[in-house]
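Once you've had a glance at the structure underneath, I'll fire off some questions.
Order of writing sets the labels: A, B, C and D. Residues in every chain begin at 1.
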Amino acid sequence: MIEAGIIGGAGYTGLELIRLLVRHPQVNISTVTSRRYKGKKVSDVNPHLFPFIELEYEDVDTNEIADRSDIVFVAVPHGSAMEYVPALMERGARVIDLSADYRLNRADYERVYKREHTDKKERDAVYGLTELHPEVADATLVANPGCYPTGAILAVAPLVKSGLGLGLVRQVVFDSKSGISGAGAEPSENSHFPNLAENIIPYQVTAHRHVAEMRQELRRVKVSFTPHVIPSIRGILTTAHVFLNEHSSKTHEELERIYTQFYKNKRFIRLRNGLPSLSAVRGTNFCDIGFEIEAESDRIVVISTIDNLVKGGSGQAIQNMNVMFGLDEAEGLWFPGLVP
Amino acid sequence: MIEAGIIGGAGYTGLELIRLLVRHPQVNISTVTSRRYKGKKVSDVNPHLFPFIELEYEDVDTNEIADRSDIVFVAVPHGSAMEYVPALMERGARVIDLSADYRLNRADYERVYKREHTDKKERDAVYGLTELHPEVADATLVANPGCYPTGAILAVAPLVKSGLGLGLVRQVVFDSKSGISGAGAEPSENSHFPNLAENIIPYQVTAHRHVAEMRQELRRVKVSFTPHVIPSIRGILTTAHVFLNEHSSKTHEELERIYTQFYKNKRFIRLRNGLPSLSAVRGTNFCDIGFEIEAESDRIVVISTIDNLVKGGSGQAIQNMNVMFGLDEAEGLWFPGLVP
Amino acid sequence: MIEAGIIGGAGYTGLELIRLLVRHPQVNISTVTSRRYKGKKVSDVNPHLFPFIELEYEDVDTNEIADRSDIVFVAVPHGSAMEYVPALMERGARVIDLSADYRLNRADYERVYKREHTDKKERDAVYGLTELHPEVADATLVANPGCYPTGAILAVAPLVKSGLGLGLVRQVVFDSKSGISGAGAEPSENSHFPNLAENIIPYQVTAHRHVAEMRQELRRVKVSFTPHVIPSIRGILTTAHVFLNEHSSKTHEELERIYTQFYKNKRFIRLRNGLPSLSAVRGTNFCDIGFEIEAESDRIVVISTIDNLVKGGSGQAIQNMNVMFGLDEAEGLWFPGLVP
Amino acid sequence: MIEAGIIGGAGYTGLELIRLLVRHPQVNISTVTSRRYKGKKVSDVNPHLFPFIELEYEDVDTNEIADRSDIVFVAVPHGSAMEYVPALMERGARVIDLSADYRLNRADYERVYKREHTDKKERDAVYGLTELHPEVADATLVANPGCYPTGAILAVAPLVKSGLGLGLVRQVVFDSKSGISGAGAEPSENSHFPNLAENIIPYQVTAHRHVAEMRQELRRVKVSFTPHVIPSIRGILTTAHVFLNEHSSKTHEELERIYTQFYKNKRFIRLRNGLPSLSAVRGTNFCDIGFEIEAESDRIVVISTIDNLVKGGSGQAIQNMNVMFGLDEAEGLWFPGLVP
């Protein structure tokens, strides 16, 4: 059994780790921390987890967590993760960081997140988009991707990063629509039901921080990003408006071949004949992808859907863990979505 | 492996059976029928089930289904089930009928459903509320309970059916609130988004057919039932207004003891300290129960919550199958709810 | 023109007063107060009100408000209203208090709200359910009813308070379902979208404070009350389970006559042939009522629907103002609901 | 009084015309037609309209409608309107057609809608986007714009059609999110609550017919359009990704000036400092607009919001009527949105 620690187990990301790990046949949760709920049973605070976890929330020394764990999931806000990661790694634990702290190089991080990165050591974190980064298998530190970048990058990676796609794409605009759970468990203006119901809220429409990850992974094409929250709990649907370079038109079949080949044997990527929607991925680690070519135009519309808390967060983290420990990447994650 | 056939695999009940059975370690789905989608792959019609089921929908002879199956789930509308059940049983299959056709005695059925019962043989169907009917274990035909009766009966059974509760209750009014998936996969006036969103729709407020099941199981107390649909996909929350007989007041602790004792070892019943809500049972086979006593009154308010498609339908059917085949009753059904 | 002041103009009740008053042909808003937004334009803080109101939020002396106003709406939380009302009245303003502070007699108030009532003067406040209290016309202080009591009392008043209904009813259980806007503009656990969507939340199921108003208005019958919040912004649907005294059964026609006669000329009460739902009253001051008699039973189910912020709050307050100033009671309130 | 006839009064567009016209001080509704509900009172079929309209639905001769009416609103599906319009006009009625039948020139219409246009006469219909087409004042036939084109065109018209904007814009991609009421009153797959709730559905992402109207009004720039439906009843939020020509960058202040000047005295256009959302326009004829400039990029993001049934349909039709009859364009339409 893999002993897994969770730092920050009361937020949505932490809770989703628990929801998924309690049915993972190879994992035992060693520790769940929360300052706020210290001493309370996890399943008292979160009745849906009864009787699946016996543990109490703890506020315990980082070394202690490392000692108890083969792998530690760090599920705290960006800026806080860098306080835990160095100690965990020095103590020998492998780490999957679900915050933004190790996703970008230092310079980009400090520019985008407008704060100093206090971990001065070069860590060689692997960007944990497993489908694109097989080197996750050997990583000791995985930077789990942001929710928006996961859906956005997977939507267009075959067009941008495959040999067949080389030089095909000039520019991409990602117009994303996310469920509100991405904003966390804490009530806020945007999550206030009367504000969000019967509405859709665009925000940071030209300057959301997640665009930095997208640009890092999709070098050589111009990338823009505009997010919205929709009146749904889970899910991100990304509409990628892809603009081709001159003279690079492709037929539907050619594009299909590029996608199929690129995602061959990637079990969590499902290419759709039609357009995907959020329901089929609800609660799961799948990323569904479909596309259409605009006639007499340089534009392709690619749609991707994920569950922001699973493939866009905790599920992907567990997928990374599986790969790091030599398990089937789908272990504990292989079940259909909650439809309807 | 248990070979399981599903008659009526394109409605919500049938699809939920598939969603749950594909991860049941002891079951193989032998057949899924649908006249409408005959010849199409189940996972083409329902993309969330890809790649979990390889089968095509078939329109196949009832005997053939029986031959292929150890157990057959009949997931067709009431009135249709009785066309399949006799042939299935004569051919030796065990049957779980998810329709209403075998839940009531013939006279009640014909009165309540206003149609002749064409199966003239006495079948000794067991009412499949496993927690109350251990005889499910030996049944060849299980009448799977209605969604509303499941939540309603479980909410008050300890007060009505236990030795300690004897004579306690005079009258119960079940005021239930259901997600719209209970109305099925076919678009209708009530399921039309602009009609249901920002609304709650009471219907058949004094004469819903499900009250007959409640009365059959809760003899000796006066039972009324008023259902509503709420703008949610899944779940039934039942508010049971329980009126006590004179001189029969109980303390909170006494009632708690009655519930705890009655549901001892019933793994899918979770007694709550506070009041349950729908989220903790979403996607699961749990029934959560909590209650409050009204001061200086004869009224107790008991709240129960279930997922109408799982404990109120297909999950309970699988729980019944587990019991019929001597498996752990929770096999394939033991996972936490989708929160948030 | 009637000069109207609003104390507490940043909460939902205050904003709804503004939304309605800006199109009232006989009213000019003299003042809107808010400590939090003092100095900001009302329409900057609330863009939907642009360009309908030019005023800034003020934090102004109570006497000053009274001097500027013929009528003052007090739209602050209970416990705070009693700090304003005495000064306003002594300065000669007529007052409509939308809080609970003047709805109950002193003893009941202090018991139910668990606080001292600091206004020691006997004020003779009129309970502002205009349909039942024509004495509103002469009132100087109107206690505007609570949202739940409005829908509940109107649902059964004809059966309980009319001559024809005398002795008819033994007991009533009000099972109410409310949109979340009743909980106010401040984000909270219950209003957090991931908690409320796909859910329904029962709360204070035996001991909600509003039951005191219901009992005060419906003397002689036993009254219980159980509220829930539903995933909707506006509206309260109340399911009144009405239990008759022995030997007092009535036909549908007889009951209809009782309702029709009781609500004759009450323009905001609409008796329905079928069952009402929330959409038809959305944004309006109507209360829609329908009922069914349970066969072979002592139970009648009466359903009423209101918009909690209009008939259940600010609209009713304006209706009261209209009556107090001798206007048509529907002035400024006579328009159809927002359907769909 | 203006006598107004409505052909097709049972769909959402027709009902919204009634909802708005019953409080229009200068209009009397002369006729409402519906084949389906012929002979039934409008307010029996639509309880929210009681007691605001006394009429019954009729199935009456087109000439008769023309005779009874100064203006006729044609609110039937595209393809059907052209059956009524010629007769109405020959009989001397002025007509506002809410279908697509007269929005495009004949050739474009037949290509886009894939059907013959059977009205062979040249009608000189005016495209009824009043803010851009003052010639509405003299029109005898107004082609009321589509819901998506209204929000899309208004979002970028100042950048494309003003003198100051000349040559500024190279390309626009409209990514629109619509409430489901745009799909009509008839239940459908997309409007089925379990399909739409907790979801967002992209459709016709490269080839929606409404793009033809956008291109007709926004000549000289390249226009693409991708619609989605969101789990809301009303409203369209359009995210316009605007790509500038080289060397044409503008500051925020310069753009603001372009918008302010272009929409000077257009009372239903509200320029926002921040980004608009759907709630502030709910139920109203407003179009709210805001924008952001992407740093170091050629992209501007403009957001517009409308109520699809009001400014995107029936409200705009009434605004057109007001202009045609020399009334204040806001007559009957001047009230704030339903917030919350």
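General observations
Please note the rule applied: contacts are C-beta pairs under 8 Å (C-beta built on N, C-alpha and C of every residue); 3 or more make two chains touch, one makes a residue touch a chain.
Owing to the predicted nature of the structure, the values given are computational and were not obtained by experimental measurement.
If you compare A-C with A-D, the chain pair joined by more contacting C-beta pairs is A-D. Interface residue usage between chain A and chain B, two copies of one sequence, is largely shared: over half of the residue numbers at the contact are used by both copies. Centroids of chain A and chain D (each the mean of its C-alpha atoms) stand 39 Å apart.
Centre-to-centre, using mean CA coordinates, chain A is 36 Å away from chain B.
Between the CA-based centres of chain A and chain C the separation comes to 46 Å, rounded to the whole angstrom. Multi-chain contact residues, meaning those touching two or more other chains, occur in chain D at positions 12, 181, 185, 194, 197-198, 231-234, 279, 282, 340. Across the interface of their complex, chain C is touched by residues 12, 15, 19, 22-23, 46-52, 181, 185, 197-198, 233-234, 270, 272, 276, 279-283, 288, 309, 334-340 of chain D.
The part of chain B that touches chain D in the complex is made up of residues 12, 180-181, 185, 187-189, 191-194, 196-198, 231-233. Chain D contributes residues 173, 175, 177, 179, 194-195, 197-203, 205-207, 222, 224, 226, 228, 230-235, 237, 239, 241, 275, 277-279, 282, 292-295, 297, 299, 301, 303, 340 to its touches with chain A in the complex.
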